[in-house]
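Below is the structure I would like to discuss, written out as structure tokens.
We just call them A, B, C and D in the order they show up, numbering each chain from 1.
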Amino acid sequence: MRITPRPAVALLSLTLAAAALAGCSEEAAGDKTATDAGGCKPADVKLVGQVRNESNPYEASWLAGGDAFAKSVGLTQERLTYGGDSTKQQEQISQILAKGDKCLVLNVLPNGDSDTAPIVKGADKAGAYLVTQWNKPADLKPADYKTWVSHITYNGVESGQQIGDALATAIGGSGGIIALQGVLDTAAAKDRFAGLQASLKKNPGVTLLDQQAANFSRAEALTVTKTLLTKHGDKVKAIWAANDDMALGALEALQQAGLSGKVAVAGIDAVPDAVKAVNDGTMTATVSSDGTWQGGIGLAIGFCVATGKLKVADIAAANRAFFAKQFLVTKANAADFSQPKTTASDFECGNVFNRVAGPLT
Amino acid sequence: MFAALSPQFRSLGNAQNIMDAAAVLAVVTCGITFVLMMGSIDLSSAGVMGASALTVSLLVANNRNDNDLGLLGIAVAVLLGCAFGCLSGLALVLLKVPSFMATLGVSAIGLGVATLMFAGVQPNITDAMLKGWAIDRFLGLSYLTWIAVACILVGWLIQRYTRLGRYAYAIGGAEEVLALSGVKVKPYKVAVFALAGAFYGLGGVMVTSQLGAGLVQAGNGYDFSAITAAVVGGTLLTGGRGGVLHSAVGVLLVMVLTNGLVQVGVSPYWQGGVEGLIVVAAVAAAVIPQRRRNQVVK
Amino acid sequence: MSVAEMPALEVRGLVKHYPGVKALDGVDLVVRQHEVLGLAGENGAGKSTLLKALVGLVTPDAGEIYVRGEAVKLRSVVEAANHGIGMVFQEQSLVPNLTAAENILLGSEGASVRRGLYRWDVMRRLAQEQLDKIGSKIDPLARTDSLSFADRQMVEIAKVLRIEQRSQHPPVIILDEPTSVLESKEIDTLFAQIRRLREFASVVFVSHRLDEVLDVCDRVTVLRSGQSVGEVAAAGAVPRELHRMMIGSTGSDDHYHENAASVVGSEQPRLSVRGLSGKSFRGIDLDVAAGEIVSIVGVHGSGREDVCRALFGAEPATAGEIRMDGRKIDLRSTRAACAAGIGYVPAERKIEGMVGPMSVADNMTLTKQKARCAGPFVAPAKQASLVDRWIERLSIRTPTRDTAIQRLSGGNQQKVVLARWLVGGDIKLLLLDHPTRGLDIGARSEVYRLMRELAASGVATVLLADSLEEAIGMADRILVMNDGRVVTEVACPAGGKPSPLDLVKEMV
Amino acid sequence: MSTPVAVAEPAANPAGPRRAGRLTGFMPLIALVALVLALAIADSDFLTTRSLTAALRTAAPLIVLAAGATLVVLCGGIDLSIAALASLSTVLLALWLPDLGGLATPVVILAATAIGAVQGVAHVLLRIPSFIVTLGGMSILSAVALVVSGAGTVRVVDDTPVKWLELYVGGYVPMSAAVAIIVVAVIAVVLKVTPLQSWVSATGYSESAARLAGTPVDLVKIAAFCVSGACAGLAAVMLVSRQYSGGPTMADNLLLPAVAAIVVGGTAITGGHGSVWRSLAGALVVTLLRVGLPIVGVPSAYEQILYGVIIVVCVALTLDWSKVSIIK
């Protein structure tokens, strides 16, 4: 290697990279007429959906839901993913807010409870319409902010208990179970596990043999389950998983241990594979939170407020932070959940709060 | 020690479990060992495994498309890994980018390619043979474990009986001497990375077999785990020492440790910490006998 | 002229420019078949560039190379080998973690590797054949780093002889400074080898020790300033004659013998060592007075290097006591030694002596930071004047004080390394481990002069000399070490110098 | 001696290494400018003061992390524990803020320095390669952070003691970025005006030569780890002031970007050659890639691919390989 070719090659590749960059970027919102809060023209609204990554089915369906809604109002959704990296999420949010769009609508899945506060404060300062989902510290309330329209979550205690109960029934009310926990540092994981404990109290015949964190990951669930199966052997009658990915990992572990069908498994999220497994009878139950709906509804609420069809002041306090309806999926109703249950009418401004199951407590 | 603390740890079932759990790590470590022997480092396994996992799951019988290539699909996935390895190697020898960064970049590229193929819907494999690898057993161990054993054997043969393996070793010992002896080092470097990439590709296929689905995150954490296992086994990061068999021992040590911690019931919070401590202790114990006053430690 | 009488190798008008330097300026050279040709010249005379051109590591700007009468272009080591030219490099070029057999066959595996697969039995046999040629008893499957230095050199020669396989003619073997790190017994073995090689090869022998060159060679070609300035038949020639040709005037080769040793007149020794023991030495007693030069001699493995390093805190001592000017000191680290006024010039200059990519100024002030600082801060002006003063005082030839030290010639590098200990003005004891290794005569005599000056100014010196002659010439006293112990002490006053033979019989 | 300056290294490149060398010295800056231009072409909104200051503010913790770790790299080692240490520090800061108030910041930085020192001492005394020490340190510190925080985030209710980092200097420059640049400048100046510069380079280029020249190699290395630790602590303060909380995994994802920043800046990962200024430029490049690509609308799959490609290309451009003979 002489000295000349190397920088040349490198420069060439950089140019190519820059060209590719320019090529695959989408059209930026051009016209930026400043409008008063609540009075944006529909065409000026910029929709942003942010989730952890596109590489898991649940969040992919969320983004798909967002795209579908955006298309229904003639816009496109800007998809942001932060790879489960809290700092990256903040960086993206502050960068997108810094662009100064007046009609920005954000539908955000905060990485953890603690990530919500800076997002809310940033959006509030920039006047962007924000809907957050899942994670929020208890003392941070949308009602205290002007543009943080709503926070949507699901009652994790309830869902954790529902699948716990379903498992208890499946094993005839007595026997040992093992629990696969999610990322310990999230409210979802903690609430769901609290639900399991409540269920255990209700079903005294069921004993918790062991609990380990598998971080919502299918691969980790596989390894942990294998180890726990060896440790507890025949005593394991059921596996409680804090999400479906882990439940599916546990299913694989059971299959590899030759215990397929002999141990009951339940999860939460109702990803397509899990719904299919429930339908087949290999899984006992899951709980549907409907990611497609989540992806659309956040943008819909923000869009309605931004275009003035909904006034923040008019939204009932109970709808500023609420538990959305969730559905226990069992073999009996699994077939109904194999297709998304959302329709365009769900996202009309009058209907956006139709799935409120109760205020956030 | 774990055997004393937990009766289950001693059971035959647990020994099988450890061997089965070690299979993927063993294959990945096998690949990385060749790179470490050269004195380079390879952080690309996470991305390469993700890409090969997605590739194989889309090429064998699956729920996303009508492909049913079977073994051919597996071969393609392994070749893809090989190609990614090539890419790392080429960036190293042509652009002169240190392997640390070259492989980090390739890892990101691999994850990107995997995400592209994922396209929002998880591909589940229905291919009976590939699924069978994780489930069916031969002499008490799953096929995957036997595949890993075969990989270690092949790795050892490559290291001992091929020019590629011996040169990888020699490059770690004294790269400049090879050049002086008229050996063109660059092609061998690229080939070593490609070989390592093929092992990661196979690792991705094995993870897919275990999980029954192609996951972008199939290789999560294998990069540092494999380096840890290789180092615990006695391979030096500076190159020129160690080998596939050392690494296999390292893999077993690490897996016994991880498994033992769960069996003994150590809090999940502490498990990572205890592992870290033991890695440092293992290397310290290995280093102390050969301490010299003016030795260079980087 | 028949092929049999053609010169094995001929060079005509070879020119090579480096930026600012004309390394080769029309060199001519003839190597006849079955002869040992000596190549002499000072550092910088173009020897190493010429050698590199002969093995294809350097492409000359002009000039021709003929192999057995045929003009060739050598673009790589492989092409040179294909023409039957091979070189044993000064710094050994073996891969330490491979077997001797692999090293011997490296790059020309022949039948021992088929389609990338090793056949160890064939490899062993082929390597054994090579080793047999030079009568070496080394196990071909031994790991190279488990062999002794001399054995590794044998492996190296066996390796170079592999080029016979590539060209069907007797090979030309180039030996670049093969003796510089060998002890005298090993040198004898090597010379016997060279004489054997002559039977079936031509040899180019390069050494800075002129007596050796004359001893083993048939003819000597002398290089100066990138040109061939003369050719001498070795028989009957004397070193003084060669030296004159090398430097272009009648120099004196007695640069140390005639110098009176400094006067030692101190009641208390500057350095006093009692019962020092370590890994490879036991019960060393040693006194060095201010202004005295004490040389320690011994064969490879006598432990003298380790004693030297122990005195600098670079090697642990297990027992014993070290006093400087009567005060007991604890040498736990090199830093403690520096603080006590001890300086050390290591033998491996390029690895241990200097920091190659750093500037002359930085290298010179690395140890005695106080000399260039005002309070805790570096004072650029102070540093500049200090460094420039020493560059001038030691006549160090460097473009600027900010030039990277690796761009200087060996002698100038060594002077910078020496200056490092002098800039502080507080040096009391200098430990010199082969300070003239790899230096040419001109640079050597400057180092000798410097040592004398320092001694005269009261610095105590411990010298591990490059040769017995050097030890005898420079030292006031000589300690002979054998197997980790001091076996005898020989006074070495001016006018009453012992002969090398007296020392050798104690050493072995 | 007829030819005073002989080219000693066979590897030395005869064809004008000076001009190329000078060019590679500016390469990190050139890469940075090129990247900003590319992003501006892709999205015209990007080249606004607000966007750029936001990017600067975003980059601050990464700059600080990379600057500290650069010292370890210059000494020839590597510090893989910085991110885990920063995470632990966010937890400690969040836990201590209620009791210690304004004192918590210096106390946390001191604690991080001490942890850095422990790793440095382990590396130097036990003679374990820094890669291994800090790899182990990474796991151990993560575990401690999980245990101390109970595996949850620790909210900061009253963030006034760290609020100052959210201010803007002169209305434009974010305080955290200003602090980060001051840290870089202080490290650079301290190195420059004291013997430390030559000690650090000598240790990085050739440890054995440095030791035999009486350089306090061990102390220099331990000090480098201390600075690295202190910088991790400071980065943690910045993160807490931004996130209003501390979390046991908060900074973990900054490890590879920080190492990338160092190398993209052109510091040789083998030690000796490089500077903290280069890492500053590198950190900005990496931040722009992390944040800029998705913001201008690159889909996440392509974003990762581009990130990989651009990082590799930047390193190829910035590494002054005339200073590094063998690239592993």
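Please note the rule applied: a contact is a pair of C-beta atoms (placed from the backbone, for glycine too) under 8 Å apart; a residue touches a chain by one contact, two chains touch by 3 or more.
All values reported here derive from a predicted model rather than from experimental measurement.
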Which chains make contact with chain A and with chain B at once? D
Need the most distant chain from chain A, centre defined as the mean of C-alpha atoms. C
Which of B-C and C-D has more C-beta contact pairs: C-D
On a C-alpha centroid basis, what's the spacing between chain B and chain C, in Å? 45
Please report how many Å separate the Cα centroid of chain B from that of chain D, as a whole number. 28
If you average the CA atoms of chain A and of chain C, how far apart do the two points sit, in angstrom? 70
Set of chain B residues in contact with two or more other chains: 95-96, 115, 176, 269, 294
Touching at least 2 other chains, the residues of chain D are 16, 146, 151, 208, 211-212, 300-302, 306, 309, 313, 316, 321
Indicate the residues of chain C shared as contacts by at least two other chains. 57, 314
Answer with line, ring, star, complete or other to describe the graph linking chains that touch. other
Each pair of chains that touch: what are they? A-B, A-D, B-C, B-D, C-D
Chain D-facing residues of chain C, complex: 18-23, 42-46, 52, 57, 224-226, 312, 314, 333-335, 337-339, 344, 346, 351-358, 362, 365-367, 369, 372-373, 376-378, 397-399, 403, 406-413, 420, 440, 442-443
Within the complex, which stretch of chain B touches chain C? 160-164, 166, 169-170, 172-174, 176-183, 240-241, 293-294
State the interface residues of chain C toward chain B in the complex, per the touch definition above. 57, 76-78, 81, 89, 93-98, 102, 106-109, 113, 116-118, 120, 159, 309, 313-316
Touching residues (chain side chain A, partner chain B) in the complex: 1, 6, 9-10, 53-57, 60-61, 63-64, 184, 212-213, 217-219, 222-224, 226-231, 233, 248-249, 251-252, 255-256, 258, 271-273
Can you tell me which positions in chain B touch chain D when the two form their complex? 38-41, 43, 47, 91-92, 95-102, 104-113, 115-116, 175-176, 224, 227-228, 231, 237-239, 267, 269-277, 279-280, 283-284, 287-288, 291, 294-298
